[in-house]
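Letters A, B, C and D name the chains as they come in the text, with residue numbers starting at 1 for each one.
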Amino acid sequence: MRELSYRHALREGLDEELTRDENVVIMGEEVAQYNGAYKVTEGLWEKWGCKRIVDTPISEAGFMGMGIGASMLGIRPVMELMFWSFHSVAFDQLVNNAANVRYMSGGLINCPIVVRGPANGGTGVGATHSHTPEGLFAAFPGLKVCSPATPADAKGLIKSAIRDNDPVYFMESTLLYGNVGPVPDPEDGDFVIPLGLADCKREGSDITLVAHGASVLQALEAAEKLAEEHNISAEVIDLRSIRPLDEEAILNSVRKTHRIVVVDESKPFCGVSAMITAIVQEKAFDDLDAPVLRVNTIDAPAIYSPGIEKEQLPNARRIVEKVLTIA
Amino acid sequence: MAAKKTTKKKSTKSTATKDYASAEVNKQLSAEDKVELYRKLVRIRRFEQFSLKEYNGGKMGGFLHLYIGQEAVAVGAVSLMGDNDHVITAYRDHGHALAVGMGMNECMAELYGKITGCSKGKGGSMHYFAPDKNYWGGHGIVGGQTPLGTGLAYGLKYKGLKGCALTFLGDGAVNQGAFHESLNIAALFELPVVFIIENNGYSMGTSQVRSSAHPEEGLAARAEAYDMDWDVCMGENLYEVRAHVWEAMKRAHEKSKPTILEIKTYRYYGHSVADANAKKYRTKEEIEKYQRDHDPLKVWQAVLEGEGVLTSEQAAEIDSAAKEEAKAAVEFAEESPYPEISDISTDIYWELDNDTEASKQGTILFD
Amino acid sequence: MRELSYRHALREGLDEELTRDENVVIMGEEVAQYNGAYKVTEGLWEKWGCKRIVDTPISEAGFMGMGIGASMLGIRPVMELMFWSFHSVAFDQLVNNAANVRYMSGGLINCPIVVRGPANGGTGVGATHSHTPEGLFAAFPGLKVCSPATPADAKGLIKSAIRDNDPVYFMESTLLYGNVGPVPDPEDGDFVIPLGLADCKREGSDITLVAHGASVLQALEAAEKLAEEHNISAEVIDLRSIRPLDEEAILNSVRKTHRIVVVDESKPFCGVSAMITAIVQEKAFDDLDAPVLRVNTIDAPAIYSPGIEKEQLPNARRIVEKVLTIA
Amino acid sequence: MAAKKTTKKKSTKSTATKDYASAEVNKQLSAEDKVELYRKLVRIRRFEQFSLKEYNGGKMGGFLHLYIGQEAVAVGAVSLMGDNDHVITAYRDHGHALAVGMGMNECMAELYGKITGCSKGKGGSMHYFAPDKNYWGGHGIVGGQTPLGTGLAYGLKYKGLKGCALTFLGDGAVNQGAFHESLNIAALFELPVVFIIENNGYSMGTSQVRSSAHPEEGLAARAEAYDMDWDVCMGENLYEVRAHVWEAMKRAHEKSKPTILEIKTYRYYGHSVADANAKKYRTKEEIEKYQRDHDPLKVWQAVLEGEGVLTSEQAAEIDSAAKEEAKAAVEFAEESPYPEISDISTDIYWELDNDTEASKQGTILFD
């Protein structure tokens, strides 16, 4: 199969949806003339012009709300947050207007908006720019959240997200943009991946590692180490989508391995990993031979220092160490 | 740089003595139309009075922000709307709802939290919606609706429709960041949005002077900061409201340009019914003065009687009919059932409600 | 002991701290001349005047940031959010500036600010006004969060919060303001309760109920029912403070009862209850005779309808039902 | 209402030809002071050039937002600060840091993320702080520092100190809601804050005209919306910068009133070093014109040589000294250790770091 970068795969997905539906419009800071801060939208403005690819002022609350309002009229805005971290200045629009308008109107209104951009630490940009808000937003019923780890998943999910009639918050990673992987050829048909479907990225029998986004790669690396150095066979489940969540995929794996470590770049308090833990210990209580353990970002604001930033994040070493305490 | 005066963007060169009745948009009104506008004013007033009584009887939850005293603003503005014009407002939303043609039954039932309410009892007083009537709510977070209104205008322009988004907000809401961001975007993108500041003089217990620094011409003049057109008018006379709103709508329709229009008005009741201090931050005399001399219903009735298109008997009939309608709405609401517990879990996701393929994978609602 | 309402106890705490430290200043919408939307600050403006009790415009991001900035200079602002729900328009100031400035400055700056106000559903104000963001904020290292359930706790904790040199987010409940309970007399000495100390509100031996804020009262009611109708002895641990969190108090109780239900008005996804669950199952795995269960607000935006709103929230009936599945 | 012009609040009746050298605040400068200002400009320039080289050598993480081209703004403004004057800015913060007197060592080490950095390697390029020098950072969220600056001013006024808060922001930042909220509050509460918009013409790749609607006089004139004083000046000549900033500071000191001051300037490099497009959204010629004709170092050197207080030999010496200092700072940074893993967990809570009673109960950091 042909290989594309994660960035390119996303762009191809966006481009296909721009072609498919004239109501799809891409908006955000520097997405058009500048080609996107991280070049995800490169070339799209040149191809599609000012109507479909729109640069906005640095007014996240304003333009995000504008996108939501436009979506209520049937436009399908795909909003780029240059960093998902900038959600903090648009929070009200994101968690009240987008998440609640359907409910508060008794189902009269829907809000087919996609908000996308990178959400990750590890690039030396410090505490204000390294938030990983998957769990934060998934906590709001009315919202959907996904976070692909590979180029193919990025493309398949962004296309689903754009077609979805509910707000989908799509969290990418600057650390993944350059990664290359196989992506089905458009010639072979429309390639979409449904939200809510996890993917087993590696089969194993001794322990389950659950992860999403960039952490999937850490989990896979840890799995290799566990196999080579400790003779432990780890299964890696990539959630891909946080809400909807493929509980069955996780539980089925745990029923097989009886042990699970959740890898999650969020902070330990109330993150996605806490939620997965709560679910697993409730629904697979008797299958567990050890407590559900978690590997998170070390509980502190994101440190800048390139010398140890990677140590704060979940990494293969820390995952292996954690696994060894129960396997 | 030399100190230079900006060319002011204020749009209407009108003075207080202007003869609004002969404004083009008012001359077009038939006698019937005028009476119909009166009926709208009265229906809002009566609907709210009935709802107040029931609220005080413990039939409702939370807030009840009455629009009484401000009726001419919503009725006047909404009366100008064509097929492609849209409206959105804050939590003081009953007036706009009835003005766009929502029924008293669904509105009253919503206050009761009944399943027959316009939002199935899920939204309450602050969250009325009728997208089929181009009415996009009803929003509880101060200023939070202003980017949405900007987005409605964006959608209209995107689709090439000649319409506008009437986006209402209060005088206290002008100090929310989201509003300012909206103003810049609306001006920059040339969006057909009319921001209507219903300046009733207070945000809760805070008089306008205590909450906002602004040019001496008033809040609307903040538009200058964005090189945007603006205008100010009084909100008690429908002719005046319509004349000024129409100017702004024309600018939106014809030039796709935004306007801030400040309309001076007054609320007779407290901020919400639960506002025990309603009479502490302003004098009884102030309230009475407005009720006596500036009441939009009285003003319009006088205008129409003066024009000979309405008799006081007709007015009384309209009033009784409105009372009857409101009373029936109370009965309707009383008799309607509450949502079931299972109703808590619907209307969250479109895909789930419509049982689509997209809703088939994974868990989306959690225990 | 004399009895005070929760509201009055809070006010007494504020008043005492205003007296103790001239840098304490109370700010927020309608806190001064209007006496507070919920009358917590009633009479304080009259007593202390415009310098100490300050009305602000409806500009939460602006005035919250202003308070944070002032706190860096040694002022000790106690900011009222009329509803904690309005955090959404001040989110950046709350989670970036207040939470990170100490860290990003390598410890050079601290931010002794208190943000307080009601955070609860159950009063018919709908989805945008019924957020319960304890977990949301506790997720950010750098912040402290507490949530008292009784008048005495309210007073003792607000005083500690004001003296604390870190940002403390203090979540009250409109449903508790009118509740009356014993509060120590100021004559008997300065009454403070440290953050991070849970309180056993009811002893029991069969099951542990953990709760905070208004949910404590639901848990206590459920405990009575369990005793009367099912002969089950429930212990009720009131967390009082979410971060710092008294893990030991929870774990000690579980080690005794071997069963636990966490009651939490947050939504099920990623709330405080998920976090407590993750901790308990990890640290008391072998003590648990059943999975950790949770009673949360039913997973939907807050419904308005006064007819069923209380059913969406954790209530005694739902707690009892949940307990009976494992006890 | 009749269309009436507002009385413009623009403060300085100056023209472009004004003789800034003879402004009171500049006449007070000794020859030594003037040379010292030159040294500051040069040190910033050299510090950043060295940091750029090391950045390109892969020694640092993330962003590096260079201030080169804008030096006279920070140096001029900061040179006016007394004991009770404070300064806060955005992420383009190296210039302000060196201007307040932070050392090159701690600043360079911070870029390297070393424990010897001013923020112990925890903040990085965007987050320099020196509260002992009244410098409150270095803030990464666009516009997010503006309420903090307002708060510093609030604190000063509360304490009865005659000082002000110089609050810097970029031309793109003016469209953040938090800034507008700050403006209203500052005007309403009469706070001694000077908002300095460093208008370098671009926010990343977006020219000012593409991001902001504003009155023809420019961004500062948005102050009119809040009935606030405002002013505009060029940022290449220290005399001009100082004269205008001082007017605003006096207003803060003497009347406790805020100002928006827009200072026109230019950045030579990309938005951040990683801005590959730095030369796409503007022409090479534009950049060269600024470097040639408007460079703040060249301008100041010419002024001082003209006044006979600086020779080109002295200038060269200052330059080599600055280079030496920067080189030594690089060595210092290179040799300094990174933080330990355990350092990740300090500086989060004051109470914990100080091991107080208040930190004794419960778990505050989690696994």
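One rule holds in what follows: contacts are C-beta pairs under 8 Å (C-beta built on N, C-alpha and C of every residue); 3 or more make two chains touch, one makes a residue touch a chain.
As the structure is a prediction and not an experimental result, all values here were calculated from the model.
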**Message:** For the interfaces B-C and C-D, which has the higher count of C-beta pairs in contact?
**Reply:** C-D
**Prompt:** Centre-to-centre on C-alpha atoms, which chain is most distant from subunit A?
**Reply:** B
**Request:** Report the inter-chain centroid distance for subunit B and subunit C in whole angstrom, where each centroid is the mean of the CA atoms.
**Result:** 36
**Message:** As a quick test, compute the distance in whole Å between the mean CA positions of subunit A and subunit B.
**Reply:** 39
**Request:** Compute the distance, rounded to whole Å, between the mean C-alpha positions of subunit B and subunit D.
**Result:** 44
**Per-residue multi-chain contacts in subunit A, two or more chains** = 57, 59, 61-62, 88-89, 92, 96, 103-104, 126-128, 141-142, 243, 267, 269, 294, 299-301, 303-304
**Residues within subunit B bordering two or more other chains** = 119, 121-123, 127, 139, 141, 144, 175-178, 180-181, 184, 188, 210-212, 348, 365-366
**Asked** In their shared complex, at which residues does subunit D touch subunit A?
**Response** 60-63, 112-114, 119, 121-124, 126-127, 139-144, 172-173, 175-178, 203-206, 210-212, 277, 280-281, 338-341, 343-345, 348, 365-367
**Request:** Going by the contact rule at the top, pick out the subunit B residues touching subunit A in the complex.
**Result:** 86, 88, 117-123, 127, 129-132, 136-139, 141, 144, 146-156, 158-159, 165, 177-178, 180-182, 184-185, 188, 346-351, 353-354, 356-366
**Item:** Residue ranges of subunit A in contact with subunit B within the complex
**Value:** 23, 25, 51, 56-57, 59, 61-75, 92-93, 96-97, 101-110, 112, 141-142, 144, 160, 163-166, 194-198, 241, 243-247, 279
**Complete:** The residues of subunit A that touch subunit D in their complex are 29-30, 33-35, 37, 55, 57-59, 61-62, 85-86, 88-89, 123-129, 267-269, 294, 296, 298-301, 303-309, 311-312
**Request:** Report the residues of subunit C in contact with subunit A in the complex, numbered from low to high.
**Result:** 61, 87-89, 91-92, 95-96, 99-100, 103-104, 126-128, 135-136, 138-142, 243, 266-267, 269-275, 277-278, 281-283, 285, 290-294, 299-301, 303-304
